[in-house]
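Chain naming follows the written order as A, B, C and D, and within any one chain the residues start at number 1.
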């Protein structure tokens, strides 16, 4: 049974994601994203499941930066998980008792309206994760009266659910990815995604435009683009891209090669099936047989067979 | 004396920024970025100073989202402030006593090496701001033994500086902006920046490329691009751009008009002097007289005077 | 009754075009395209009708160069005229008698198959025009036995039509234009064409790409592009463009202004109704109201009204 | 000794070009460009030398169309030959006697000023070539009194040179090419040119822009672009391109493959040393080693070695 590290403690949304992505696996909760990824890197775990992107808050920057700068890992699967928050308290706590709430900053943002309406005077303190918040609240004598987190965190830690579906939006989704040490890629399925990181060669005007043109010129759509600072001062960025398709496909492979040539560095983060199973609509002339025909034509003309 | 709201409490980097941007002003500390901006919106303050971008962590997303979605405000000035962290404790506390550290998550990230090396066993808890952390630590009986924050936070709250320059990097900088209610723009200085938010009309492939082309085609360099989720599900973004130049200049004005035509919406966030005083190098044919000549030529040919 | 110069002598396709474009006019046949255009320039004629493009042979280079380099003229109308060639002889001449054929080089090319099949041994000599050929052949004692030209040339000069529809293709068309001294443009009709000449600023790589982007970025399709040597050595070109739309429309006007800014010179050759009455399909955001909305938005934001 | 066909008769500029391109060869004069190319196609000659482009008149369209539509041939060398015209007459003819001048239309255009100034009343008749004109004039009893052509044509046909350097410009140059049946290409020299013909897939807006982007994106400069009608009606074109570099180079090969994928058809016309020996300045990331590195990187990441 494979062992998978995840962003713990027990009871996180990440655990819920892991249970769907890898139902028959041993679970290794880790204190933070870095620890989960390091467990996969070191071989302590066979893979790790971590959040990559949230439909409201955007990129999980610690995951992006770990994938870009740490020892290489490959994304091998993704999952879109609806996010629903519950107000979790020790048995006996009532709404009027709640003076201090503990939860992850993302939950604070997403439950802004509920908090303003129902708990306008409560102090809300940032926790490292929603599950950690639940765990902390479960300790008798905790300085916190309530946690905000997934319902299963309440189950895990023996808390009572005072309110559910607290989020301002019904459609909040988090994207989780499974990452492994470098190895064979998942087979192309026809509905795949490719993730990568590119570092601009020079900060010359139009450099980003050039990078995007490598994709657009071959009909490869980008589904996500994130700029992240390189840490070398304001105005120096690198980019995370998610593109439609699998690196094994010619149009994606050639686009990545092009990007490689005009960038300082490109890190490939994996090609894997899309959670939404959407197949791209190919632009004429960009299917694999088109590339194969053009390549054999090129071989012919280079030897003067015209 | 103008009154300026800022991200409080007293002792934040933001206060330090405000003291440089508006030395002769009354200061109104606010609990968070939203509150500071709301003070400017409501007229309670004449303007607000908030962080927009950090050279290590990237965009301050709450500021980006407030500027994009809240009642309109205009950026009228910017400042780049070096960020230096100190370890702040109550008098009498020594390194070995420190079990629980309280600070803002950005400080946790930026002081990772120091913490791993000097305080490997300490629990580090996320605070809403570094100054709030210092304030909390200053309270006798606080569950926290140390705060990480700016030296002036220590002075404000009577704490002792056990270590300074704790950051992993020496060159960390935060970009602060002064924002005001809509009104006349700062005059062009020849070294200006223009900020805006654009919402893609359709998520069609190449839409971002088209937007970037509006700038590139007129020789307007972008100095920052941030994608942010619209909150309508994974894969739907809007974009923050910083561009060189002032909207009063023809090339910038025409680029913004073009962006407006092909976007669902564009929100203008202001044109203001660059903190680094760098003047852009203009591409041939894109200076104001070039646009004026072309416009008068167009007027002539439209009446058949060729 | 207006007087129109045309490429004579009497009996040319050009006369046929003129009779359609300006039925009620006095006709002034001229020896060549330059003479016809000069008649319009000098005021000797009110306008001129000349060929611009042939569907088989391509651009009529003398017309292109005259419009580009001579005193400015404006195209005010266009006509597409099917080209049908007849073999024209003096009464009494039979096929076996034909040893020397006289016609314009374009007719030689377009009747290649007929000549190879029916008159394989005839010498074919280049004439300045098909009508001039007919005129020459009509002179008793002419060294030529037959002319190739329009049927009406035969009527004009008393020749007999030995063969008709001699062209290799049935669908050959010549595009004729009416040009006048600069003056008010024809009103926009919704199905217009705009002609112009652009001289590249520098021969830098990508200069042509930049010029095309000015059109493409505003959804203005080009219907013709011709490169012509500047006469300053191999590898130096200028360009003739035909674009969809009328310069009075915002998207066309802005594209032309952009072209003007990045070119050494642009000469506007006119906006006039398309002969084929095809209306362009506008790209979203490029109709006149879109430009007007964006312009008034720009005016507002420049004064800080956001 | 190889046998080379050329555009005859003896005494043409084309013969002069051939003598430079292939000094030790048997020369086969042909009646026109098509005949010269057919001689090479059939094996009657080993190669052919024909004009491709003139610095004043532009493309030699019959050559362009023959290379595009006839049986495939490859360009294997090019030459730039200065064009100098002389006025050639039978011994005894003086300027005042000249009533009818015979020459090629290109010479008529290029000697416009001389003719207007010195022979304002002469009739100028189009000949198939300047040498044919000289030959015709050399026949006693010819209806023509003078030919305009190269000095060597006068020598060939026993004519007297009444005037020399008659051209309006001193710097007129014609580009001649040597073409052969398909076979091994000339080796890359570092200063090469590649010629090709591309047929647009659809006439969709921006199709030409897409084609140019295949070159521009890989830093391959175009040195010539000619649009030619396909013969399927006004507004349908195909394109002749000359590009810097040799198809054996990676950036050129990939650009051609890309063009191939997005065109209806591409015909390769050869890679050969440039007459002007200019080496292109390579854009960063587009040299052969850059492509090789990117290709081997792609191979690695496709097997998960990151």
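The rule is simple: a residue touches a chain if its C-beta (ideal position, glycine included) is under 8 Å from a C-beta of that chain, and two chains touch if they have at least 3 such contacts.
Protein names from UniProt, one per chain: A, B, C, D = Prephenate dehydratase.
Fair warning: this is a prediction, and the values are worked out from it, not measured in the lab.
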How would the chain A/chain D interface be labelled, same or different, where same requires over half of its residue numbers to be shared?
same
Taking each chain's centre as the mean of its CA atoms, chain A sits from chain C at a distance in Å of 59
Please compute the C-alpha centroid of chain A, do the same for chain D, then give the distance between them in whole Å.
57
Which integer distance in Å separates the CA centroid of chain C from that of chain D?
25
Using the touch definition from the top, which residues of chain D touch two or more other chains?
213
What's the complete list of touching chain pairs for this entry?
A-B, A-D, B-C, C-D
Under the stated contact criterion, what part of chain D meets chain A in this complex?
72, 74, 182-185, 201, 210, 213-214, 217, 247-248, 253-254, 256-258, 260-262, 266-268, 284-286, 290-291, 293-295, 297-298, 301-306
Chain B touches which residues of chain A in the complex?
53-58, 61-62, 80, 105, 109, 125-128, 143, 169, 171, 173, 175, 205-206, 208-209, 212-213, 216, 219, 221-229, 231-235, 237
